[in-house]
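To keep things clear, I will list the structure first and then write my remarks on it.
Chains here go by letter, A, B and C, matching the order in which they are written, and residues are numbered from 1 within each.
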Amino acid sequence: MLEYLESLPLVDHHCHGVLDRDLGRAEFEESLTEAETAGPPGASMFDTQVGFALRRWCPPVLDLEAHAEPEAYLARRAELGAAEVNRRFLAAAGLAALCVDTGYAPRSILGPDALGRLAGAAAHEIVRLEAVAERVAADGTAATGFADEVRGRVAARGAVGAKSIAAYRAGLELSGARPSDAEVAAAAGRLMRAAEAGGTQPRVCDEVLHRFLVWCAVDAGLPVQFHVGYGDVDADLRRGDPLLLIGLLRAMDPVPAMLLHNYPFHRHAGYLAQVLPNVYVDAGLATHNLGHRAPALIAELLELAPFGKVLYSSDAFGLAELYHLGALLFRHGLAGFLAGGVEDGAWTSRDAERVGGMIASGNARRVYGL
Amino acid sequence: MLEYLESLPLVDHHCHGVLDRDLGRAEFEESLTEAETAGPPGASMFDTQVGFALRRWCPPVLDLEAHAEPEAYLARRAELGAAEVNRRFLAAAGLAALCVDTGYAPRSILGPDALGRLAGAAAHEIVRLEAVAERVAADGTAATGFADEVRGRVAARGAVGAKSIAAYRAGLELSGARPSDAEVAAAAGRLMRAAEAGGTQPRVCDEVLHRFLVWCAVDAGLPVQFHVGYGDVDADLRRGDPLLLIGLLRAMDPVPAMLLHNYPFHRHAGYLAQVLPNVYVDAGLATHNLGHRAPALIAELLELAPFGKVLYSSDAFGLAELYHLGALLFRHGLAGFLAGGVEDGAWTSRDAERVGGMIASGNARRVYGL
Amino acid sequence: MLEYLESLPLVDHHCHGVLDRDLGRAEFEESLTEAETAGPPGASMFDTQVGFALRRWCPPVLDLEAHAEPEAYLARRAELGAAEVNRRFLAAAGLAALCVDTGYAPRSILGPDALGRLAGAAAHEIVRLEAVAERVAADGTAATGFADEVRGRVAARGAVGAKSIAAYRAGLELSGARPSDAEVAAAAGRLMRAAEAGGTQPRVCDEVLHRFLVWCAVDAGLPVQFHVGYGDVDADLRRGDPLLLIGLLRAMDPVPAMLLHNYPFHRHAGYLAQVLPNVYVDAGLATHNLGHRAPALIAELLELAPFGKVLYSSDAFGLAELYHLGALLFRHGLAGFLAGGVEDGAWTSRDAERVGGMIASGNARRVYGL
């Protein structure tokens, strides 16, 4: 089963750019997990599930033995240089297509085209809704024209999907009601006045605006990705439970809602994928962070979620290693899940291969129309 | 251990009627999970854990090979006809007794007597509290007489237990206080006026009334079953966490409270079963929906829940297959759990058999006085 | 790996005294779990995961065969007497050091010195913050002097850490803001007036005071232990989710916050340990209560928590057996986790031993400065 999955190119339906420059140890450790810093003395981020997974699987891609020590690994990484490292890991991921969230792109981050070239895969864009709104607000659009301008830019972007980061800002408790233009104009006015008063860039953090943005994507017929659950500490995890989103999920049917990451609420997400026709789920970000435990996560996600509604994503960001680790751990975990079922007689190997193909790429191709 | 559990007839302490008519594929898929519909194109409800469990275990009961394709299975099912299909699956479940929730009974649903005959088991009734209240309201009872009338009908029903669906309506955050007759009369008045104004049947969805109904059952000395957690999408899962119910669980002691289903809050339910003397738990509905993963659920439920407070239920509804799958997956999962402990030396086989007997039927017999 | 962990003395960073007197069966059962009572008829607390773990592992320490029946076990226990029983189990735990929470000490409970002598280990005190505040209030301190008096007593105690039981009282939703002296004085006044009016001992149950107490410990540079999740039924488990505490955890950085127990929110706790530099976690109390399932808990805790931020604690209270069971199940569970990774090639045995040493004692020594 693992060989079969290794033969299948994956569609990574949610990922980010990688850094196009060399990294010191502290910065590398900071990029390895969702921690704010490389950890207090005595608590290296290499001593984590993802750290051990990296030391097991990544050194051979850089011509080292598995389980290389961190210093040796980072020395070899520096020797090869970021460009070569990125090339090797993106190629190793074995991707057919990538859907790149371009909404958070600090300096030195590669964009979709460059990622696609490195991966030898088709690259598509996922437009981050809040980034569009913040750009419109920063451009000095009048509050009354804000809604139309945002709608227009979202629809004109040519993206295959949209992404909401409401979970990081106002939380996922979004109502299902479509906000009126007057409500949006009022909220946009508040957004712009707050930025002006603070002398800062506009920052969307308002239930009305997050909701409005989802409706812009829905009206444009774009599948909407929602950050759910696990992420960095800016996300108040309490407000990232996908059960909070049920009203809006219902209201946006039949436009697909893609619940991303989901850990530790992945069973909640699986429930929603079963009971609501337009809900899809993945276990991105958590898969590589759980390392040797990723199979447990995948098995739990697949308890209630119909197999036709589960997708692969890496949610890789910054380190090219995460493209490789995400894909590898996903293939291993899913292969173990499917092969275990074959061994126990729970399903036939023919069905297992069919399900493997759906989750590896078929479901994503169908939902995004790739 | 599996042979031993297969030799033990089960008490299914919470189940429903099955449909007494033939079903097309769409209707069959809709009945297979808690989804609202048979799923969008590409996402068949057969491609789920319960779908694969059905294809593995049910075809042989209808003289087909395991892993039959859905179309072949449904064709054979139609050929045999609903009456024969129901007879075979109810018999295959290996039941000693059934406690049938009669509160939701659309057309063509078999009642307790018919189910008992098909299963060769004693059939008992679980009275659904909200249905009694809605009937009383529909009968035009005066609001001031509502409380007494409901109390009387609940007590006179001859049921072995009562069922609350507060989780589907106002949610499980019910206070522990017994509502006064004046509060109940006021709430009953609101219920009847709303139905009259809307020209609809009365529909209980009011914290006071749900709570009053639980007290009616408590006063009648009936164990009260609570829908908890997993169910169809009408239940706002956020409000179905059993931890919300702790005040009322405490207040109703020593009358037994039976927490049903519980997934994905089964660990919360296990905690309540340990710390509160009158709380009991099961994993109905989720057991067959999790299919090949049911053993993980059973093991998690049995982390904190005392083994003397865990019961079996199928929560089967509509498809007779679910009676068979629930019982089979429960026996397999519990057998694996108990045998694994014996193998590791965690308990003796004698203790394992004793615990198996308690969970299979002994605990239910004791609590319901069967 | 198990042999290696058995060779390592543990630091038990959160435990309590044991009873220095003989116990009857009912009292023994009540002490075995977090239940309020020994259970209704038919639901013995011996028929639980912890009960079976006790029957497997404890009888040999008292010269009986494993799996002794409860009556035989209790008879032998009575024959040996509490002093000998305590001596044997504390020694069997294999401890290097204990950090004893002295805040709840009913009659006949041994203190840190006696425990340390029995265990042959260094004993340290963890000061329970609410107990100090209640003592100050009971001493008739003026409300305006309350803050300084509490601060002084916490700092002067010579403890290696402090403990907050906010989860048992006002819940974990504590703001990150340091309360002003005026706020504290007002809250102290309410505390004392309530005690006076009720003729009772002062009982802290006020968000301002719990928060103030944490800041007293932070100002004294003491690591702060928080009761989180599982505990007896006095704790409203809904309010014991560590995600509720995120504001205060952030604000108290870099003083260490030690999240205790955590079950069933241990994945939430692991997340916090990863993303916040000053957060540490354990699985005390739950480890022995889960018995044969403890390995699953340990594996789940170690999904996101960096291995440099996980500690051992027993949370043993009352029964000396719990010191032995906690240590034994922890060593077995961690050994299985680490050895499984070695077998699968996830990490080397050298790394596994290093991680084992960190979790067994190294992390605790570093954080508490032992």
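Things worth noting here:
Following the convention adopted for this analysis, a residue touches a chain if its C-beta (ideal position, glycine included) is under 8 Å from a C-beta of that chain, and two chains touch if they have at least 3 such contacts.
Here's who's who by UniProt: A, B, C = Amidohydrolase family protein.
As the structure is a computational prediction, the values presented were derived from the model and not from experiment.
A rotation of 120 degrees, rounded to a multiple of 5, brings the CA atoms of chain B into register with those of chain C. Counting every residue number used by either copy at the chain A-chain C contact, under half are found in both chains.
Centre-to-centre separation between chain A and chain C, using Cα means, comes to 37 Å. Within chain A, contacts with two or more other chains are made by no residue at all. Contact residues on chain B toward chain C in their complex (touch as defined above): 241, 243-244, 246, 250, 254, 267-268, 271, 274-278, 299-300, 302-309, 341, 344-348, 351, 355, 358, 362-363, 366. Every residue of chain C that touches chain B in the complex is listed here, in rising order: 33-37, 39-45, 47-49, 52-53, 55-56, 66-67, 230, 232-233, 236-238, 263-264, 289-293, 296-297.
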